[in-house]
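Chain nomenclature is as follows: A, B, C and D, assigned in order of appearance, with residue numbering initiated at 1 for each chain independently.
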Amino acid sequence: MDRDASRVETFSDGVFAVVLTVMAVELLQNGPARDPGRELPEALVHAWPTYLAYVITFGIAGQIWLGHHNMWRYVVRVDQVLLMFNLLVLLFVAAIPFTADLLSDNLRGSATEQRLTAALYLGTVLGESLFFNLSWWWARRHRLLHPDLDPQLARAVSRRLVVRPLLYTIAFAFVFVDPIFSLLLYLLLLVGLSLVRRPGDLPRFPAEAGGEVSDRGR
Amino acid sequence: MDRDASRVETFSDGVFAVVLTVMAVELLQNGPARDPGRELPEALVHAWPTYLAYVITFGIAGQIWLGHHNMWRYVVRVDQVLLMFNLLVLLFVAAIPFTADLLSDNLRGSATEQRLTAALYLGTVLGESLFFNLSWWWARRHRLLHPDLDPQLARAVSRRLVVRPLLYTIAFAFVFVDPIFSLLLYLLLLVGLSLVRRPGDLPRFPAEAGGEVSDRGR
Amino acid sequence: MDRDASRVETFSDGVFAVVLTVMAVELLQNGPARDPGRELPEALVHAWPTYLAYVITFGIAGQIWLGHHNMWRYVVRVDQVLLMFNLLVLLFVAAIPFTADLLSDNLRGSATEQRLTAALYLGTVLGESLFFNLSWWWARRHRLLHPDLDPQLARAVSRRLVVRPLLYTIAFAFVFVDPIFSLLLYLLLLVGLSLVRRPGDLPRFPAEAGGEVSDRGR
Amino acid sequence: MDRDASRVETFSDGVFAVVLTVMAVELLQNGPARDPGRELPEALVHAWPTYLAYVITFGIAGQIWLGHHNMWRYVVRVDQVLLMFNLLVLLFVAAIPFTADLLSDNLRGSATEQRLTAALYLGTVLGESLFFNLSWWWARRHRLLHPDLDPQLARAVSRRLVVRPLLYTIAFAFVFVDPIFSLLLYLLLLVGLSLVRRPGDLPRFPAEAGGEVSDRGR
């Protein structure tokens, strides 16, 4: 039943592709070229929050796509609940450009504006990571994964995935103390998560697993 | 001839992906960050109809995608008429963000505005469900489905599919009595439709059928 | 080498999906809900050219997608020139929403406006059909089609495809006589082209051909 | 593990499809039909920079898609780093409509505006070509390519790919001398690169390689 999981990937990829390009469309349609009261060099500099939102969106949505790619390659069957969880992941992913843009626009705003937009942004990535964990948990519990997948590897993936919403919750809690500190914490955690993966361990994740389940029949 | 049906899925998924992300783009481009006369907290609250339209669109278009996914996995051949019906389904699906946005914008408007936008919205989902039924009916009649598909299951799907346009028509009729009541009826029917599917029966629909036609050759 | 042709289809489907949904996005972003000086019922009526452009775009782009689907299912290999021709087809397809919108906006304009927008619209579909013919001709000449494809069928497809640019040229020439007559002629030709396909002959095109090349290995 | 590479293609194709159609959307939403102070014929002529940006975007992004298609057909496995490089290629590809639009808008501007926008545009294509080379280099080094791929062909592709960023750097350097000359140089180099491919050599690249690795198992 490979075709089922394959269609979910095609569909999700469509959503990811639009999310990644949305900020570039925004730059085109409401960017420096459409800035009425400014000279071009100044308008280009003035648009820096939009560039920032573009790079944040690409970084985060790209990272989520990598995770989605890693997870779904083990899924060989789907059911309604898994599809529903996947839709909810996409609901939050599609909101990332909006909240990233709000956040970058208000980084130098008042404390209230910073708090509000940081909370919205962190809430979006938190919601995405929660439903991402739910899909993996559901797929494991209902035997929707490849039968030859090493149970130890499956558990390792579960442990790795659960770290993200935990750290996001901590960063989220600090928004009410200091929004800028909370964002720095979030960035630090992101970088930390990447460094923790030792060479030969998780960075080579797909390649290794590929060897294990290479007889997948497709 | 699996590749034919597969390409129809890719193409439809592209349309679904754009439809799901359109409201997020709208939030970005004309949302609270672009609201000139308001402070941010107030602008964020004031944009609630757009959030509502976003969630409605995601809910409805996601549900239609699930149905589309369930149906097309049984289709192994296509002909011109089936492709035409599928295009007409997509024509109505692509109009959902527009009508959902109109509806949520006018939920607190005058009675005429409520009636007009509720009628437009329900007309869109009604049109979609009619052509969806037509595609399934055509595919069954012209033997475009998988030959091993249990005829009893095919009939059960037909019965299940025909319920949606019937209920939508009832909800549509009540628009002329009371638009808000009509929408509540519509929501009630949607939730009802989901509850009716007993566990082990339709929710596990793909997984079960997967077992039946697992020798599909792909 | 099925994967090559398959990727061209995925890529083209992405472009078609965006083209089909673009007018719905336009309705959402600049449609009746954003019409400042008008009451809702009046604004909804006043937006009729956009609805017309939506339906025209869906009709034409959907028909081109059907033709693209029919053609590419015979293609088993690709080369640079075929990919280039396909890109040029997509260049014109992507311009259809723009020219259809211009046309529907100016249907009741001055004679110059009618002539100009009708010429632009017909020029776009003419350009598309020319490069479409070139791709089929190139694929036939360089043996990129399925080897088991009946040469007689291939010739029949060639003859059928060449009719479209010819008729479009005639309709295009009449723009300089009377733009509205030219558009009516174009619509008449479109409907005529559909009627000419006798049942059991071309409408069942994919299904029949499917039987002939059903041993394609995928 | 063909499915991995296949999903990367689907995802990248989604981004390419949006990039190719973005300028057409821009023409529709902010194009001549929305030009308030001008008659239609004048407005149509006045929008020439947008048409130019449309054709540039289609030309460049289409060419990059061809290259992406050529490269990825040899990739049979992926790892995290290759996916990261591919995301960075897409980050620059998605920025092309924005920079091409800025460039075409300022072709007749002051020397500063020309220099700034030419530098931005060339910087974007330079960034894309750098990460494109990095992905090919990484895929070769870590044995992610098809094992039957002729090493001599792989080296030839490497040599051919490395030419692009080199020439772009030269064109980029000349921006600080004369921006218009730099762009002409860039166009000349692009045309030159196409002519250099002798018939029977690189233009038939996919077809030939297809013969070599035709036993790929899909």
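What to note about this one:
FYI, a residue touches a chain if its C-beta (ideal position, glycine included) is under 8 Å from a C-beta of that chain, and two chains touch if they have at least 3 such contacts.
Keep in mind that this is a model prediction, so the values were computed, not measured.
Put simply, the chain farthest from chain A by mean CA position is C. Interface residue usage between chain A and chain B, two copies of one sequence, is largely distinct: under half of the residue numbers at the contact are used by both copies.
Contact tally for A-C versus C-D: the pair with more C-beta pairs in contact is C-D.
Per-chain CA centroids place chain A at a distance of 36 Å from chain C. The distance from the centre of chain C to the centre of chain D, with each centre set as the mean of the Cα atoms, comes to 26 Å.
Residues of chain B in contact with two or more other chains: 2, 10, 13-14, 17-18, 25, 29, 218. Within the complex, the chain B residues that touch chain A are 2, 6, 9-10, 13-14, 16-18, 20-21, 24-25, 27-29, 31-34, 40-41, 44, 54-55, 58, 62, 65-66, 69, 73, 203-207, 210, 214, 216, 218.
Contact residues on chain D toward chain A in their complex (touch as defined above): 1-4, 7-8, 10-11, 13-15, 17-19, 22-23, 25-26, 29-30, 77-81, 83-84, 87, 90-91, 94-95, 97-98, 101-102, 105-106, 109, 112-113, 116-117, 120, 218. Put simply, chain A touches chain C in their complex at residues 10, 14, 17.
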